[in-house]
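Shared between the two complexes below is chain A, which pairs with chain B and chain C, respectively.
Up next is the complex of A and B:
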């Protein structure tokens, strides 16, 4: 549950929409935009800034005027007709940009219309449109353009139309994909259930979701159109009555610029084309990132270390004589996640012990840090997350201080994990038996293939899957069987501790009962310690010996299960129990807790529960409560402070 | 208060089955998938009825049939004396104003680009029932009814600025804007945090009690409906196997499936020691419904007649029915067989 939710909290909106702040922080995007603006300004103000008028007839042309090298009079020299190259370049921007923008507008319009219809209207008509799109996609654009322009005659209008009607395929595919995904969204279904017609759904729900993508796409289509126009003009298929950059290149090539060594006549228009195309590409890429921040993945690019703890930590003092030393001792664990607004502390000073053969419930609501805590213990934090304080003592070793290889030998042989979504955690292209054998052989390389396969069969048998199904692939398993297979996988190397993260969430109650019975049996038979991460107080009551209740990244209360349910000490535990439905007492009124759990970025300064707590007083809002011993366990609440004279 | 609002009569919904290439070669007939198989129940104004069952039991299909989103293969859904399945066009649009749905996932069922005010106003705009000042006042009234007050704090917010519970309240407010007579809530709290669930359930129950709205709650979780439903229908493979007042069904379940289902619902009290009846295997594929009693392959008390006779619902108490041959045999209780 919670890592995904934690990251979702960091970047709240995952829908494509334009995030201006994200765009403005994109340096290359700003550079691209500036480059494009320079070109546009040049085009708009050409008559004022160009030193000469390239359309005016040249009077009194002398041979000296042709291919004149750059000079103070002609900053970029002259061309074969004795005209000022700089002026032609500035005027050329008008044609190139005009063609680029209008052709792109046509392409986007056609592409959007076809994409919308094909995506929304899933019937035969939609498929037909997509097949047409596919055909257009494989036609070599430039060749067809050359043919069409040659047939229709090279006028500016023809060129714009031809580029426009051949450039829509990319947009159509993009718009269709987005439309398809939006039309399946629950809010569209809800609008339809209310009685909304197609036009309403398209206008209010689909178009707003598609437009930002189209905007980003538009910029890229513009650069393609400019390139197309230049190519056509260079090949002599441009409108001969106007000056464009392609046209300038064409004339320079045809009329001896190379033999005259007039590099300025060639390089200048080439540079202009590169300038605009580079500008639009930079801008387009930045817009795409701003529309869809997941493309950027800046957290993944610099994974860094998952540990940022300074120095070493002394192990906790041994437990009282006569008691068994716990296999796992978590001390003051603190974990932070990177976010755009600085590090966010998801887990802040969590401590607890786990003994062999004990089942510990780690309970809390979404965002309380329970999953992050166990991922930290396993040293499997997602990129951007790191342990900043505390230690995890496993049978005398501090897991936080271990290096990669040592850690890998620890994982699975001593400490293994059952994930929440079993389908995502099993490899879909390998048989279940293979995956279990692989885990066995990875950690005990001396095991033969046959031995590993036999052991995999035994393990599957233990979790209630017939051994013959070891050869099958995960997709042939039902949800409950996949979770059983995950448990078999976790058992593969006979670990001391299994961490089960919401192992029964999303399963039916009967399957949940089967899985819980299985886990209970394993804990009993193998004498393993189990940490069960869940939000379900009923499940915890049923299978756990001890319970750690987490809230807002800290431990609110810990006690043995029987006492915790009978005499909850922390107001949060008390209220949580009152809000939890009990099928055995249907007449008991349920009371929700007002407010909602705190967000990662906005933790209350004092006690994390204070804003929702009915007993909160001044001190709760100012100070963080330490852990007090109470009812044989511990709870962090000032009400338990003996010096507080409160009821 | 108890005027008959909704009656479901022998409702059947079949979907055309998938025909594989092997089926085609072997000329096997296509097996239709019978998602809902002859179910009947009634709902009065202000009542809450819960359809409870595991995945594949047909509860969601039933919800879609009630909404008129699917046409029944046989049987009828009658709302306020009008048959839902026979409606089309304008009538169906009118039906949409009276039946509203609350979906499971409040994160997905709100358009992230729309403000709360527009989301709640959307149904009113679609049906063109109000505009201007009246639209605004109806939107505000709906938000208040859903517990989102003061309305000024919510009208201009976007969904991502709200918590899960607040989002589900927005969904409910949008459902209430058209002042429906029937609300269908499909797993309304399963995606919400535990501490929030009770409030949403209290809200739905309050709407039924105070405004006479009928509520059909669809869920897999018996414990969430225990305190809220007037009646419970336990479904298994498209059929209602037990139906009755909540208190009776929970205190004295008569069908072996209902007994097993109840026995595995986790109870938040470690001191309660129960003997859970954990059924083996999983619910069969609805395209291969077992012969006779559809529950017999998993039933702990099945006997020789079960694979051949399909039991009908029989009366086991006032308004309490169950479909099991053991009950037809005239046995007073199925409990002794189980223990």
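Up next is the complex of A and C:
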């Protein structure tokens, strides 16, 4: 899962199916459908709409009848044979659509069959089919169509069959890819494991997932077939006994329409083709989008719009004399995301401090706003997300108020990031060392290439990767090595604070321990502050000095790590601790927390944990609890209110 | 690097397999003609007896088609005769242009087609990449919507029709020549005059093909860039403090160009189709015109040779794209 998918509340990993609501909201799709319907109506009702019969023999033709300009008798003028262009145009829709739909049906049938077999049967036969598809993909199809039609003779049936049997490659590839992905899904595996036959799996599981995509693909194949037919007809390979738009263009063009200035005889059939192809293309892309919605966001959209805070904010009062001033002070941070139903608040009033050399754990279940909080602090929110309230004081500067260039100079030299999984966090086409040197030379331009490369090697060495591997690309590294390389990258410019977002997820336990040890060692050796975002309390116990527990976008509890584990104050913290194995008490039963964290659109009005809390009472459902000091830390729970009678 | 060598070897191997399929197909296609190739030609009054004898001998029509099962050398067949002739570069003699070798005709036409395709491809790739990148960056804004609309419209326009529109416009308003490669009967005082005349003839066909390809490439580039811009490593680059320009230049462009290389190779068939149509509209004496004329003249040797040359060109260009891809993407050794 990419960072955008993880934070921006967009899900793309759903089954392909036709979402009618989504399709109907596509204006372009509706326009395309109407364009196509107009053409179909013209084709069906041609004898009733067309003012003349273009198939009737012309009698008594005089030179004046040829290439007549548009007039009330001939709305689109006449052609090289003295025939009414409008009537031919209306009848021509029949041929274009007939060829388009029947040829597409043949192409889809062959393509789907080959794609299904190649995707489902993964033995030699399947791969042979795919190789054949690849070969056909390379053969220039219009050239082959010309040869085939020239040899077999240009009858309408031949044209349809030739276009149909040469148009299947795209469909085959699409269906194969979809079949492959569906057959790896858990429910299909399960169905096969309990003995479901191949036909059953194909009919019940594969086809329902493949059909919607094929529908969208079908519309695009129709437009291709119509284009192919018109090209063949224009090149003189149309069926001479029927009128098609390509044929009309061929005759008009070959018989001097340009020198006669008869633009109507050329433009009318040409734009008729454009009309139908544009209609089917618009419809097809809208269907594709409704079946397979794409991610609509990326990281480089409208930079600078991630802050929508009104006015400036005063810095927090200094800490008590004699204590070290924290390097990072987050105050009342609130972050919203755009959604179809208006802005959703993902983080609501988060505050905490971080000192130099301190490791702070930010914990909670997935979806509680941890990642969003740290991306907000770093001003790296994905598009659609913005800081609406609060401030982030970094060594006296409010990061929320910084402009682009100042922020860029802040990045990596003061504040760097190691993020989730790191599988895709390194650019696959640049060497690891190169990506580290880039950061060094960006922030210290006087560094020579050799110096930067040497330093990159040293940094890799520091995280346990041989310096010579700096020249290699990320795909040659194992998952754990990539994560360590990412840590080396984060250290490149000696930052004051490193944010590590789930640095050990997706790694096995041994590697996890190595990475955590590495991070702990770095905090000690370099005196850096580290924010460790994780849902794993075991990880926190191992390396963190302080812990901030988040729930539903707010801080539930904060305390130093030892006290938090010993005396959890908030019922959420208590339950979270019970749901993790405790090495000190291996016989204690593990208990998950019933229910799930609240969704962004449906936050409880009072305490966010109230619906899942065993101790909740009336006030919890009505009011948001303030923070109470307890056990040397703070927690937001009415149970800690001294005026409440303890239940 | 031996792994990369293996990748190249595999790609060359597949190109050879594809080539073998195309050569066989090309042989078989012209055997499904009604009658045999020689008698199909006999109906053409331009063919004299000597030419028919030549044909029979060259095609070896008294021999079995693919495999000789009646004793003797099992490979003494029409197919091996065809392969042997092909190996000598002998593609036969044209029916329509008497006494002219097909390979000679094809050579001249190929040069003319390259004059048309290369500038058009260059134009389309440069502007398609730039426009696609810009549209992706300005996603959902006016510039993006305008470029996507333009590309969809270009896609919906049959290439020959785009050519006709440009032809009408060019002839009417810019006094450009209607057809051909040179002004017929013109005398040139200098090489510059000749270049100017060829350039004027080349402008419209190149522009037609270039615009048609541009729409295609722009859409491919746009969706490729959109995907890359959503990747985590772009977020890493932003976190490092790189400016948007540097992120695009150093982290997005090369990655987005990778699928472009493959897709440009995959759309080469589209380029060939485009060239055939453009040549037909502007009477440009290239492979497309040669093919279309061969169809109306029933000049099968030329048709057969032209199809083979077109298919082989696409295979070679495809292989070239694979090589470029292997050089651009360090990950290729994995597949």
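The definition used in the following text is that the second predicted complex is superposed on the first by the 542 of 647 C-alpha atoms of A that agree within 3 Å, B and C clash if a C-alpha of one lies under 4 Å from a C-alpha of the other, contacts with A are read in each partner's own complex, and residues count from 1 in each chain.
Throughout what follows, contacts are C-beta pairs under 8 Å (C-beta built on N, C-alpha and C of every residue); 3 or more make two chains touch, one makes a residue touch a chain.
Please read all numbers here as calculations on a predicted model, not as lab measurements.
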{"item": "Touched partner set for A:429, first chain B, second chain C, both or neither", "value": "second"}
{"item": "Which superposed partner A:512 touches (first chain B, second chain C, both, neither)", "value": "first"}
{"item": "Contacts of A:270 with chain B and chain C, given as first, second, both or neither", "value": "second"}
{"item": "Chain C-contacting residues of chain A that also contact chain B", "value": "none"}
{"item": "Chain A to chain B touching residues, read off their complex", "value": "12-13, 15, 17, 185-187, 189-191, 193-197, 200, 204-205, 208-209, 365-366, 478, 480, 508-514, 517, 535-542, 544, 561-562, 565-566, 575-577, 579-584, 586-594, 596-597"}
{"item": "Chain B to chain A touching residues, read off their complex", "value": "54-55, 67, 69, 92-93, 96-97, 100-101, 103, 105, 108-114, 122-123, 126-127, 160, 163-166, 171, 174, 178, 193-202, 220-224, 226-227, 246-247, 250, 260-262, 264-272, 276, 278-280, 282-283"}
{"item": "Partner chain C, residues of chain A touching it in the complex", "value": "2-4, 131, 134-135, 137-144, 146-148, 150-152, 223, 227, 230-231, 234-237, 246, 249, 253, 258, 263, 266-267, 270, 273-274, 277-278, 281-282, 285, 294-301, 303, 378, 380, 407-413, 416-417, 419-420, 423-431, 438-439, 442-443, 473, 475, 489"}
{"item": "Contact set on chain C toward chain A in their complex", "value": "14, 17-18, 21-22, 25, 29-30, 32-33, 136-137, 139-140, 152-153, 155-161, 164-165, 167-168, 171, 178, 226, 229-244, 246-248, 250-252, 254-255, 258, 266, 268-269, 272-273, 276-277, 280-281, 291-292, 295-296, 298, 303-304, 306-307, 310-311, 314-315, 318, 328-331, 334"}
